[in-house]
Structures are given as structure tokens and as C-alpha cells.
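Shared between the two complexes below is chain A, which has chain B as its partner in the first and chain C in the second.
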Partner chain A sequence: MISEKLGKNIKQLIGDSSGVMFLIGLFLLVIFIIMAVFAPYIAPYSPIKPTGAQLLPPQVGHIMGTDNLGYDVFSRVIYGSRMAFSIAFIATIIAAAIGIPTGLIVGYVGGKLDSVVTMIMDSIYTFPGLILAIAIAAMLGQGLINISLSIAVVYIPTYYRVIRSQVATIKSELYVEGAKAIGAKPKTILSKYILPNVLPSTIVVLSMNIADAIMTEAGLSFLGLGIAPPTPDWGYDLSKGQQFILQNDWWLVVFPGLAIILIVLGFSMFSEGLNEYLNPNIGEKR
Partner chain B sequence: MKLKTYILTRILLSIPMILIILTIVFFVLRVLPGNPVLAMLGPKAPPEVIHAMEHQMGLDKPIIIQYFVYLSHIAVGNFGISTYTSLPVLQELLQKFPATFELTLYAMIVAVFIGIFMGTYAAYNFGKPVDIFARVYSIFVYSFPVFWFGIMLQLIFGVWLHWLPVSGRSAPFMIPDHIYTGIYTIDSLLNGEFEVFIDTVRHLILPSVTLGIVISSIFVRMVRSNVLLSLSSQYVTAARARGATEKKVLFKHALKNAMPPILTIMGLQFALLLAGAILTETTFSWPGIGNYLITRISYRDFPAIQGAIVFFAFFVSIISILVDIINAWIDPRIRY
Partner chain C sequence: MLITEKLGVGCMADNVVVVKNLKKYFPLKLPWLEAFLKKEKPMVKAVDDLSFSIKKGEALGLVGESGSGKTTVGRSIIRLIEPTDGKIEIGKKNIINLTENELRKERRNFQIIFQDPMASLNPYMTIGKSVIHPLEIHNIGTPKERKERVLEIFEKVNLIPAKEFFNRYPKQLSGGQRQRVVIARAIITNPKFIVSDEATAMLDVSVRSQVLQLMLEIKKEYDLAFLFITHDLASAKYICENIAVMYLGKIVEIAPTKELFENPHHPYTQILMSSIPVPDPNFKKKKIIPKGEIPSPTNMPTGCRFRTRCPYAKKECEDVDMSLQMINERHFSACPFF
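The block that comes next holds the complex of A and B.
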């Protein structure tokens, strides 16, 4: 549905600033997706094998230099995109898979269940997400699934809130009342009448969420709670690179950081453009 | 509703919220896989030692009893004893807290300053280069990982220019003689120790600017959109019709009326500020609670980890209560 809508209006899209933003975001994302998918073909070296002298500044053969173990920084930046994408996607999917159904059911049922669950969700929502993720990650330990889970918990309330508030309004619409009147089961009403109407708004939340999840993941691995080394990971590489900045080895921190910025920028511009396009009346959401 | 009643209701309403967070923290730290005793002693510890340790920490009791013991301890301010230093966790936290408070306070000042000025001018010059700059600034800076930005500033101002120290809260022997508040910028001035004050400020600049700039991206957006809204309102047109100067229109009418929503949003960003503070403290080896939490995680000091997170929960709740009260005080319409 969205691709159809976009295809029709590409011309109009380029016309205004949100369209430009959307396209720049899309461009950045495509680059990172290519990087992640074709990492072995793009990266000149293995990211987890010494490939040259240690701490070489950027030069021919190592365009982003090498780190203290002689790993090629460029190759690690390329491969790092895989970790960023996998964790962000898994975390976002888990969060959506829990948050959306909970929001649907609770919003539909309403009453006491609604006040209790909403209060729990609001408490998690107002608590600093990174701190919660740190606590969970500290308990679960390193690893792809563990980190994704820690991040997912933080974003469940985001989906819950978006879905619940919409379900609460939609459920009193005439067509839902009508479905109820002809004896449709709650399950049918939720899946056939309500869900299709609330899903489009979550697409924007989903894509904004991936940006946040990438940022949180980078933060966790910067703090040493992410993926176990030597798996290439931007946040971890940054924290390791920081140890060498006093001797001016800037390339260890500049490049992984730029990768994080560009991918987050890509997702936020993409989702912001998408948001203004899909929900022109909502305006500033964050 | 009177302001006093509002304040009381607001405080009462936050109790279930705090309870929920405490329960979640308990659940995360006790029920999730990852036995704290095993984590502390290592997988090769003999079973007798493990049992003794579990007994000592009360972990052999049923989980529901553990839960109530945990709640009752927190209620009386007993955060347990650190397994790393053998000191009461609360005492350690209170000792670290002023550093975190000082950092977040100055970061907030930086963020508010940038947010209000850039946001207001951007709104006033809607669509002009200033506005475009502000929009690009907020989008870009929002994507900065706070630790990366901190490292960049360390590199530029510490390593390349040698202007500012890159880590710590003060140089050796540059701590205020008498500690009154624990906030070094205030204590050193109270003591009349100007050298210490200068040293403290020099250490404070990079971390607080790092955190402040990253947070300011959201403030710029919020101030801009709220001032835009109030600039198009009738009271602004009326003020202009009365012949008020543009400066007065902008700051006295447009900005002032846009303030309540801006304040609320700034209050809401406090959680983000705290999360940023943890990363900033780690980046700059700033001896606050964030740094404490991360260090103790690496030592597997569970009472300390739990204490630090509970402490953050209380801090966030208190700030959100304060923000609501200030809002209600400024704007009498906000009372329910």
C-alpha cells in the first residue's frame, strides 16, 4: 500500500523538504544495507584477523588505518553494519510483537485491565531506557539475542501506547459497532476491523525505533555490555579506540562513530519523511 | 483544585509508579537467568560456598519473601552492603550523587541555553538560513552518540589543542577543602578557593558541553515548533499592532507563552539526560553514579547494581514530580 502511494507521487515527493529528507534517508539506508549484505565482497580484509602493522594511520591499503591488534578498521566498519542491523531488527521485532498485541487487546477490553497495564507500561516508558537495558544486559550477559532482548523491553511501551490509544478511539467507530451487532467475535473484530486501521501508524514508529535501537545498542556495547569481542561492533570499537586517543590515533574513533551517525541519520530522516507523508496532520511527534 | 492539593495528589500518584519500577528492577535482577552468586563466585565455586553465600544474601528464601524483604529494606533506606567494598550501598551512592547532579545540572543549562536561543531565532526567521541551520543542527546532533561526541571533543580540545583536561572531575589535590554540597563549583566558591574553582570548571566544560549539546537537539526542535505556534497567534499580532518592538514581541510575548509546553517537554527529556549522563560519565571517567554502576557491573557487585538502578528510579520520579509542580505553579490551568 505504501509503495503504491509513494510510486505515484515521487515527483511530488522531491518537491518539498520532507521528500528530500526521505530520499536522503533512503539513500543512506540503501548504502548501509548493501554494506551489510555484501560485507565479504566490499571489505578488503577479514575483520577479525590481523592484516598489517598495529595502529597504522589511514593510508593506501588501509584506508581507515588499523587498530591496536592490526585489524583493518575499514573492514570492521563494514562488517559492523551487520551487527547494528541484526540487533536493531531483532529488538524492534520483539518489541513490536509484544507491544502491538498487548495494546490491541488492552485497548479493546478497556476498564481495569487497561488502567493497570497502562500504568505498568507508562512506568517503563518514563524510566530511562538505557538504564533498564543496562540492568537487563548485565544480568543476561553478552550475546546477540540477550542484547536484543534487553533493548526490546525498553521499546515495548512505545508500541503499546501508540496502538492502545488508537484502538480506544477506533473501537467506538460505527463499522466496529456494526461488526459487533452482527455477532462478530472479538478476535475477528480485532484482526479484521481494528488491526488494519492501526498498523499504518506503527510503520513510522517502527522505523524511528530502529534508529533508537541502533543508538542503544551502540551505547550498550560502548559500556562493554554488547557483543563479545572480536565480533566487529561499532560501539565496542569506539570504546577500545578511546584508549588510544591520547596518542592521537583518531582514526580508531572517527570512523566507527561516523558509521553510527550516518545509519541513525538515515533511519531518522527516512522515518521523518515517511511520517510527514503518511500522517501529514500529526506534525512533530518527538 | 488548590496548588497544595495538586502537589499532594501528584506525589501520591507517583507511589504506584515507583513501586512498579522497583518490582521490575527486582524481577530483572533476581528472576532473570543469571544467578548473582554464581556470577560473583565463578562457575567453579564449590556448592557449599555457593549455598552459604545464597543464605547470607537471603537468596535461599522463596522469591515472594525476598521481594517483600527487598521492598521493606528500600523503604527504610537500606540498599544493602556492597560485595566489592563492604560499604553500605546507599552511603556510596550519596557520595557519588553530587558529581552526577553537577554534570547533569550544567548539561541542562547548556541545552536550555542553546535550545531557547536557537529555537526562538529559528522560529522567528522561519524558512530563512538560520531556520534551515537550526533544523539541520537538530537532526544531525540527534544522531550523535553522546560518547562519540565526547571522544571527539576530548580529541580536539584535549589532545590537539591542549586547552582542557580530558577526564576526571578535578586535578589531584584540587578538591574543595570543605565539602558542603558536594557540588565542587559551589563548594570551592564558598571556601573562597578560586584555583580549585577554575580547575573544577575546566574539568566540567567538556562533559557538560558534550551532554548539553546532544540533548539540545531535541530542545531546539521543541522550542522552534512551540514559538512558531505562538508567533502565529492573535496575542502576537495584537502586540505588534500596539507597536511593541520586535524583540519584545519575540521574547516577551511569543517565547513566554510558549514556555509551559517547552518546560514539560524539557522535564520529559530528563530521563534521556540521565541515560546520556551514564555514557558521558564513562567517556570522561567522571566519578558519578553512572560510572559507579558500570564499574560495579564489571565487578558483579549485585547490591550496588540494584542500588544504583533503584536510586535512578527515585531520581527520575522526583524530577518528574518537580516538573509537574513547577508547571502547575506557572500555569493554573494545569490542575486536575
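The block that comes next holds the complex of A and C.
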């Protein structure tokens, strides 16, 4: 029964290009998730111990070569996915946990509260994301939670804006008026009538933001504001690798860079496909 | 005020709904400079000084063309929008003075059925949950009793098999079935009064008569007071004991249905009556066609509001006030000349 349903859905998905995109994205994500979860089993070496000669080019035994300290690049790329995922997820969850309720309440109440909060959120939104994150990260210092927090602040306005604008339209829907007419409290109207109707678009924003958050995190680490070395992290590895690019030690930059590109691509394609799937009306509106 | 008292002569005790001098003005949005300079803000008088009453087990039809303010009346009576002024009593309770909390509790006694049944149901709630929700809100019965009551009501509104319908989503139903769900939700708390806001306007003709029939049944069974808002005189005739005709925020004529159809007094009512098609190809009737369009409510004509379109308009109409004149004990009209 379930497999039949799944099969039907996959068939439906492959029917158009967005479906293919969704599947490729999903495939990439699954690979990265497996990498993160089973890192100790996949990685041939420890990522924080010298395992061979320094700056070895890719070869048997070190398929992605080694870096200037003799760490195995392949193992560091594998373990790096853990850091990327955890920071991206924590940041996105914090951002959603603050942005979604704020958007819901402010959008529903409207009026002066709406203009004030929207002005604050818009002023945060207009900052270039990375620069704002740098400023906050510089204030908070290194560490997993601090970096997640500084990334979260950047993405709160995204949630706020999406939710608020949706709530503003949905609150004038007839079924919300109907809920008022049967005597529902504002709290009930928000949780039972408005939230379920804005949730699909939230899920899409969520997966898009994870992709963005991974990039921002890589950017912060690249600038030395991320995780303290030698914890494996793609952004940090990238910045270390670029010091050796003039010596033609390309493998130090290419592999962590490729990992960042692929994971971001995976999330973007996945979320775009999800968007088409969850909001079938979007295609018609365009 | 005098009129409503007259309307309820002898049987005041039966009145479930009493509306006196109901007004709903919407402020007009102006560019800020203009708004700052003008002392008196212009208002759209959507509902202007309306009075009527509805008895237990009776339906009052509120008919009028679009823009006459009939929907605004329906919504302000149950305070879905706040009326500007006036008195509203539903089941002896003054609705206007209630606080938000008291009003929420009181809402089990009056319900509304909207025009678009798809839009009035939450697409992410099964219809069972939609209908059970009023009982949960007002804390009526145990969860088991609630479900039984919903199934019972589903059978009453002909959503059979009820158990199967319970778990369906609105998009899986037809238009008529959705409106039955909305009706089920409206009657589940045993209200005294229901506003039906063009409830059958969006249904196709074959379904419309079934839904009308259903409304008639529940009205009888629960002894409901009904405010039946419509632009379709034929449906109003089918359901209502009395009909009030609205034009630009005012009631121009109010009378028992039979009387209104047989002996329309106000020129506007006569025009409405002459617009009803007669199912007889050989029947030639005199059609009275009004001049022009309904005037903008921001720029209302002085005196009688209908005079700009009235085929019988004369000079005196410019400074006549539109208060209702008694034709006979239960028939009132706002035209003093006709």
C-alpha cells in the first residue's frame, strides 16, 4: 500500500522537471546525511590527527590528499558535514522559533504593533546577511552555539516576513471569520485556523534557509569567526587551503569547496521541488 | 423606534431578535493632508438607521441589490464587525454592551452561514473537526457525546453515511455538501438565531432548492429566528414570513411576504417585483426599468435616496425623509407619495 502510494508520487514527480530537481536534491542530501551520521565508519582516518606526510596530492590511501599538517582531507570533508549540518539546523531552528510566532502574532494583531515590528525586521533584513553575522559573531566569539545564534539573527526576518504577509491575507479569509463567529479565542484561531494554512510555505522557507545558513557558516569559518580549529569545518579548511593555492596544491581548496557547493545545491533543489509539490498553485500563478 | 414597537404589537415576548436604529458607518480613507485639514471626516453610510425584529420560528428576508448594505447588516448584528450605533437584542440579551469575552460565550446562541461554503471551511480541518469545534469551544458535553451529536447532525443535514463524511476534507465534497457542513456547524450549538448571508447564491440551481428545503426544515425543527439575506426574491419568498427591502443602507419597505408580493408599495419594490421572470412565454407584463446605476454611498442624494432612479420622482422628493410610513398594521413603506 505505502510503496504503491510512494510509486505514484514518484511517477508524478518525474512527470515534470521540478520533480527531477527534487529527486536530485534529495539524493544529494541523503548522501550528506549518511556522511554526517556514519562519519566514523566512512572516514579512513581521524580528522584531527596527522596521518601521513604533509601536502600529499590525491593518491591511494589518501584519495583527497593531505593538508599542511598531514591531516587526511577526505576524512576532514566527511567530518565537516557534521559541523555544517549541526550549525545550520540549530541556527534555522532558533530563527524559526523566534520568527514564526512573531510573524503569526504581529500579522494577526496588525495595526501599530505591525508597523513597528515590521520596521525593525526590515532594517535587519536590509543588512547583507554575512556582514551582520560577522558583526554578531565578533561580539559573541567562537563556538557552536554562538555561531548558530549569529546566523539565526540574520534569518529571523525571513521567517517573520513570509509568515506575516501570509497571515495578513489569511486572517481575512471567510473561515477565520467563521471561527470568530463560533466564538473561538484568538489563540485558537491562530493555532487551529491560521497556522496550518501558513505551514506549507514555512517548510519551504525552512529548507531554503538551511542552504543559506550553511553558506553563511562556511563564510564565518573562512574568516576565522567560526569553530575553533582543529575541529573539521569546510569553511576553515577552505581558508587554510587558499594559502597553498599558489603552490598548486589544488586539492586543499577543491574538495571542501565542492562539498559546500553540493550540499547547498542539494538543499536548494530539494526546497524548490518541495515548493512545487506543497503549493501546487504557485505554478499556475506564475 | 416607534415602527419596531408597532411591528411587534401584541407579541413582543416572542421577539428573538430586536434591532433598533442600527448604524454602520465606514470612515473614508483620505490622503493624509486632506484628512488633516478636513474637520469632519466623510463617512460611507453602509447601514443607516435600521430597525426590525424577528420572532421565534420566523424568517425575515433582507433583499436588495449589491451595495445596498445587506451583508453589512448581517455582520454587524452578530458583531463580526462593530456597529457604529444602535441597539441589538438577541434572545433578550443586549449584544452591544457585551465585552469580548462575554460575546464569545454568547456566540453559541447566534450563528452565521456565509455565501461561499468552500471559503468558510478551514481546508486543513476535516469537516468532522470543523463541526465539532463549536462544541469544544463552548465546552458542551463529553468528547464522546460531542462526536455522537456531530454524527446525528450530519444525518439531519443529509451527509450520509455520517461516519464516512466525518473524516473528509472540504475539498473532497461538492458545493452543496459543503454548504450542508456549514449549516451543520451553525446549528450544532442549538442557536436561537441564524444569519444566512446569501447562503445559496453560489450553489447551482438544482442544489439550491435542496439547501433551501434543508434550511426550511431546520428552521421549523429548532424554532429558529432567521435573517435571510439574499438578492433572489424567489428564495426569499420560499423561506421568509416577512421581507424587508433595502436600498442604499435603508429599509424602504417591510411587509409580510404575501402582502409584499401582492401589493408592493414602494416604487423600488415594484421595480424589483417586475424584474422577476414569469415562466409563461405568452405573459406580457409591464416592466419598470430604473434609470442609471445605484449612486455612490459617499455621495448620497438628499431627501429620498432612490429619487435619482425613481420613475415617479418629483420635486418634493428632494427633502422628504425616508422614515417608514404605515400602510397597514404590518406593512410599512418609506415612500410618502405613492
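By our rule, the second predicted complex is superposed on the first by the 271 of 286 C-alpha atoms of A that agree within 3 Å, B and C clash if a C-alpha of one lies under 4 Å from a C-alpha of the other, contacts with A are read in each partner's own complex, and residues count from 1 in each chain.
By definition in this document, a residue touches a chain if its C-beta (ideal position, glycine included) is under 8 Å from a C-beta of that chain, and two chains touch if they have at least 3 such contacts.
Predicted, not measured: the structure shown is a model, and the values here were computed from it.
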item: When chain B and chain C are modelled together on chain A, clash or fit; value: fit
item: First (chain B), second (chain C), both or neither touched by A:Phe127; value: first
item: Inter-centroid angle chain B-chain A-chain C after superposition on A [Cα, multiple of 10°]; value: 100
item: Which superposed partner A:Val37 touches (first chain B, second chain C, both, neither); value: neither
item: Contacts of A:Ile245 with chain B and chain C, given as first, second, both or neither; value: first
item: Which of chain B and chain C A:Pro196 touches, first, second, both or neither; value: second
item: Which superposed partner A:Ala184 touches (first chain B, second chain C, both, neither); value: second
item: Touched partner set for A:Met215, first chain B, second chain C, both or neither; value: first
item: Smallest separation of CA atoms, chain C relative to chain B, angstrom; value: 11
item: Doubly contacted residues of chain A, that is, touched by chain B and again by chain C; value: none
item: Contacting residues of chain C [partner chain A, same complex]; value: 78, 80, 103-108, 111-112, 114, 116, 119-125, 133-134, 137-138, 182, 185, 189
item: Touch list for chain A against partner chain B, complex; value: 21, 119-120, 122-124, 126-132, 134-136, 138-141, 211, 215, 218-219, 222-225, 235, 238-239, 241-242, 245-246, 248, 250, 253-254, 256-257, 260-262, 264-265, 268-269, 272, 283-284, 286
item: Complex interface listing, chain B residues touching chain A; value: 16-17, 20-21, 24-25, 28-29, 32-34, 139-140, 142-148, 151-152, 154-155, 159-160, 166, 218, 221-222, 225, 268, 271-272, 274-275, 278-279, 282-283, 293-294, 297-298, 305, 309, 312-313, 316, 320
item: Contacting residues of chain A [partner chain C, same complex]; value: 173-175, 177-185, 188, 192-193, 196-197
